[in-house]
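Right after this note come the structures.
Shared chain: chain A. Partners: chain B in the first complex, chain C in the second.
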Partner chain A sequence: MNERKTYPLYFVYGALILYVALCVIPGLIGIGYSFTDWSSYSDEINFIGLKNFATIFSPDENYVEYLSNTILFTLVTTICKSVIGLSLAVLLTKKIRGLNIHRAIMYMPAVISTLIVGMTFKSILNPQIGLLNESLRSIGLDVFALKWLTDSKIAFWSVMAVDIWKGVGYIMTIFIAGIMAISPAYFEAAEIDGATSWQKFKSITLPLLMPTIAVTTVLNVLYGLKVFDIVYSLTNGGPGYATEVLYTGVYKEFSQGRYAVGTTLSSVMFVVMLFVGYFMIKIMTKKEVEE
Partner chain B sequence: MKYRKIANSIAVNAIAWIVSAILIIPLLLILINSFKTSIAASDMNLVLPSEWKFDNFLVVIQKGKLDTAFLNSMIYSVGSVTLCTFLASMASFVLSRRRKRSSKLLYLFFVLGITMPINFVSLMKVMQVMHLYNTRFGVILLYAALQMPFTIFLTYGFISKIPRDIDEAAVLDGCTPLRLFFSVILPLLKPVLITVMVLTFLNTWNEFVLPLYFTGSTDKWPMTLAVYNFFGIYFKDWNLICADIVLTSVPVIIVYFLGQKYIVSGMTSGAVKG
Partner chain C sequence: MKRFLLVALAAVMLVSSVACSTATTNTSATSAVATAATTGASTDSSTATEATKQDVTITYMVSQDQLQDAEIALGQKFTEATGIKVDYQVIPSDQYVNLLTTKMNAGECADIFSSQGGQFDIVTQLNVEKNAVDLSGESWSSTVDPLAAAELSVDGKLYGQPIQDVSSVWAIAYNTKIFTDNNLQVPTTFAEFKTVCETIKTAGITPVYECVSDGWHHVLWFPEVGAAYEAAEPGLIDNLNSNTTTFASSAVMKQSLDQIKEMVDAGYWGENYMSNAYADAAKSFASGEYAMVVANQGFGAEVEAIGTELKASDVGYFVIPLVDNQILNVNPVGPSRFIYSGSKNVDAAKQYLAYIAQAENLQYLIDNVSKNNTLPFIGVTDKYSETIKTFYATYATHGTVLQTTVKYLNPQWMEIGKELAALILGDSTSDDVLKNIDKNRADQATAAKDPAWNE
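Up next, the complex of A and B:
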């Protein structure tokens, strides 16, 4: 059978054209534009060398803070989602009544639009009338009824907490699938040897789940670095610059017409993500390559 | 020993319920308040409404221009789902069947897109040059393009498991490549295609960043942006905001319950391979 004839390359063209034109090219020319003074104020675009990069990393501007916020967000949400997600997964693979109801409920926040989650939590975290503070006051914990989203010291932590609320069900679901893929024979053998639950978790579940943990970690890191939706809908970077991350920064530059700085921020991201992405692809396609 | 087991089981069940409650209460809060009067909803609590206001939903549809927004969301979702599924499965088929190294590399090039961040600023330039800026067609193409990598990743894996003998038999019977794909291969892809379509639909429906950047006029906004805009104007009427949120989320919830199995299998494939 003639491979070229049976599987013609023109099958690939449609997907390739769309992907290259709208994903790859913008990324590449974006790097080109980051060496220019492109803005909405002037029609001329001049080459200005590394000036934009100097602006981004200069201590007088806030961009470094965006960067450190993004990294903090990524670290905290990745760790919390992994730990909580794994604990819930272990819990929900035990014999529990109404298991499927629990799983369905816990995955639900993941399918709802982040914008809507943001609006919902704007109400819940409202200092005066929000559900959280009302509940805290009703049980006498007035001290903890804080200004969750408007106090610049805790606003970013509130944003991260809401993000964990939304994302943990997804991570949990992946872990559940991972645990279910472990052969029950291991657990049965351990049972006969009289192992405790903790010993079973430590010596069977955890080591055999390592590939899954690697994948969820990469997923969480990629998500964290790219985060925009939840910050935009909850605080839009405020109060001040307290919750500003890279992508909200890009949007601000974009809406103020300072395209060059926006594209430079994006390009820094592009390079970092391709690097992270390389490892992700290696993990995700590992099995296929082995086959 | 027996008591310990019972106590354990009670504790485990209790924890499961507490976690479920934490995750469902915010959603219930929205649902309950969408039926209240404006004054009753201003407290935003979990008390059931004393007076059920079903016309909140009608008010929202009119004031929030939800009919246009619904139509836009539908156009974006259905359009990009169709285009993306179609192009991605064709490409995956050829890429996974060809044994050459170049096909493998091309596949990896596509998959790399899963991690690639979007440069919205330069994307605007590209959209302008292609005359796609501020058009519905442009938004559809964008969604299709952005979801291409993951869709190809899923369908490629599935097609690799379909035996080549089928192709050979079909070719011997005189099938052209197009016929082979559309009448022989495509029907076999049904499970993965449903997964892909459900996921692409949900992603497109929930997304709002692309229209935020690339549609200047409100008449092209999808439901997510319309509800956010509504939130800005009627920020005192939480009952209406909640009703708007409920209407925006209903399609997603329906798709979720109908396609739960497919969503989970799609979201976990790649992560867990057994």
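Up next, the complex of A and C:
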């Protein structure tokens, strides 16, 4: 028994029981169903081994494509949200007029329901009568009036752009909190030494912000890997299968009554997210631990 | 200053949310209906004070194209008469099937739901024996047209109530004025159809209005000419149902898909076919910008209702001429209402269906819904025009559509929509589309333990 422990172990039992009952056991049951032929078409459930996993990774199925779309979405949105969010956070921690209004405006998309954002942008990005293309045409930029959500080559990029627009304010807010937690003494000392803004950012802000960057990156990556609602509301996976991601695939399987294949996909994603999350935190906080 | 900021922030948020809903309402009918879905177009306003009436609200989940203003009006009268409120949960059509089956599979469906009928599909897709209430004992059940009732029954038990006119067929509605002005005749082969399209296109008019974004409408081109496939390859349908042949091995179906792609590549669907919505079809047609659209025989009345110079009599019809089809495509299957077996308000839901099925209310739905020329109930009076009667009389041979005759096809309608979209965009081939249809059928048949697929 470790004498330095402030609270006895049984304090954790309540939370642990709830967590195990509501999260761990359903999760394990879900993984268990991945090895069965569970579907809405039959009341019988039979063990079929790894057949569902073979289905998912079969070249005849589109799931590998969905997986690559999901990874692309995760990479692009994580990088863009981090870079833009950090830039905005740096700008919005300066002494500027109407600072809180600027922060509120940038944060506002994060509080709007994704479905409403989806519907609004579906209308804004309509190639024929959408606000964006009408605006472009009105200033003579017809060449940039593209079929944002209906051209399979650019639809996914449009979805990612909308998601970045919606998510960047949230990331910015976390960065602002991180930057404000840095002691002003560092910046004052650097200023006395004649450091430029870039040097201060590179040598003070960025290193001291690493724990925050680790948190936002994990949040962004996990969000990206389980993205569903923005794709569903903007394109529903279309045109064709151009914007399908893994969770729209899970939804499709479930809606078609093929529960086992749906849970198999979820299980695969669970394992991927577990590994990605674990190793990312480990790598990004390595220096911190060593220190 | 802080108070000012708070007020300003609240004002901006309010304006932005209003702007969202305004933009949604103004620019997209789909989105407008979707917004209605989130708020619920409830008819609960007038009768709450009447204490003697039932204080029950029934939910009715319905695809946007399957609920008409006339039915909502009847719903209000129903509420006035019974006190039972009806909460219409209107869902955009491209999301409806997935959402319905997900809700049903999760055991959380609305009291009443709409869905396509079909003797195969109501078993394999809806599992009505488990998920829906047997309506055979209802007073109106004997008045349902026997052909339509057969498509809504399992083992002699009726599970659904038809919503729409099923006598109407999906054909190509055309602007007779444009045809006359350009000296065009109704085409009887695909080659003639292309010539017609080319002439219209040269005249500066988009030949065909199509709306791929809805996910379902552009699919019609392929299965509606199912009887022509059977005529070209006799025994095809039986062989597909017994799993002794495949879609991928059918030359005529491949030809049909290739012809769809050919039409699009030639520019006959115009520029905006990927983002158009069927809800705007009548308006676009009435504007004269488009000459043809796949529609049923209520379309002429819908066009006239827009209020331009174009009248219902200016809209003619001919069958979809892919693979030189000249067989009138009939389908006794249509959207229908079902009562969810897990509903806590089965009696109230039954009262709603009984109210809708009253003779005067059915007639009201025929008279006030443009697309209904009749309804599949005995004793109603139809409103077929001479144009429509002439159209039906033109084709001596009638044949049932593919989605009704072939098992495991209708449930993947939206999937086929995606496949066709990929084909049209050049992301896949007609062979891929047919192979994927086979694969999806096999998946469903295997899951359903269909002996033809599991032997």
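Rule of thumb we're sticking to: the second predicted complex is superposed on the first by the 253 of 291 C-alpha atoms of A that agree within 3 Å, B and C clash if a C-alpha of one lies under 4 Å from a C-alpha of the other, contacts with A are read in each partner's own complex, and residues count from 1 in each chain.
We adopt the following convention: contacts are C-beta pairs under 8 Å (C-beta built on N, C-alpha and C of every residue); 3 or more make two chains touch, one makes a residue touch a chain.
Please read these numbers as outputs of a predicted model, since none were measured by experiment.
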item	value
Partner chain(s) touched by A:206 [first = chain B, second = chain C, both, neither]	neither
Contacts of A:42 with chain B and chain C, given as first, second, both or neither	second
Chain B versus chain C as contact partner of A:189, first or second or both or neither	neither
If touched residues of chain A are counted for chain B and for chain C, the larger one	B
Chain B versus chain C as contact partner of A:130, first or second or both or neither	both
Which of chain B and chain C A:64 touches, first, second, both or neither	neither
Partner chain in contact with A:108 - chain B first, chain C second, else both or neither	both
Touching partner for A:119 - first (chain B), second (chain C), both, neither	both
Partner chain in contact with A:242 - chain B first, chain C second, else both or neither	second
First (chain B), second (chain C), both or neither touched by A:259	both
Shared contact residues on chain A - chain B and chain C	101, 104-105, 108, 111-112, 115-116, 119-120, 123-124, 126, 129-131, 251, 254, 259
Interface residues, chain B side, partner chain A - complex	9, 12-13, 15-17, 19-20, 22-27, 29-30, 42-46, 86-88, 90-91, 93-95, 97-100, 106, 108, 110-126, 130, 141-142, 144-146, 148-149, 152-153, 157, 160, 167-168, 171, 177, 180-181, 202, 205-209, 212-213, 224-225, 227-228, 231, 238, 241, 245, 248-249, 252-253, 255-257, 260, 263-264, 267-268, 270-274
Interfacial residue positions of chain A with respect to chain C in the complex	37, 39-42, 60, 100-101, 104-105, 108, 111-112, 115-116, 119-120, 122-124, 126-131, 147, 149-152, 232, 236-242, 251-252, 254-259
Touching residues (chain side chain A, partner chain B) in the complex	1, 3, 5-9, 11-12, 14-16, 18-19, 21-27, 29-30, 33, 88, 91-92, 94-97, 101-102, 104-109, 111-117, 119-121, 123-124, 126, 129-131, 134, 165, 169-170, 173-174, 177-178, 181, 212, 215-216, 219, 222, 225-226, 228-229, 233, 250-251, 253-254, 259, 262-263, 266-267, 269-270, 273-274, 276-278, 280-281, 284-285, 287-288
Residue ranges of chain C touching chain A (in the complex, touch as defined)	5, 8-9, 12-13, 16-17, 20, 23-24, 26-28, 31, 34-35, 38, 94-95, 97-99, 101-102, 105, 124-125, 127, 212-213, 215, 271-272, 274-276, 411, 418-419, 421-423, 425, 427-428, 439, 443-444, 447-449
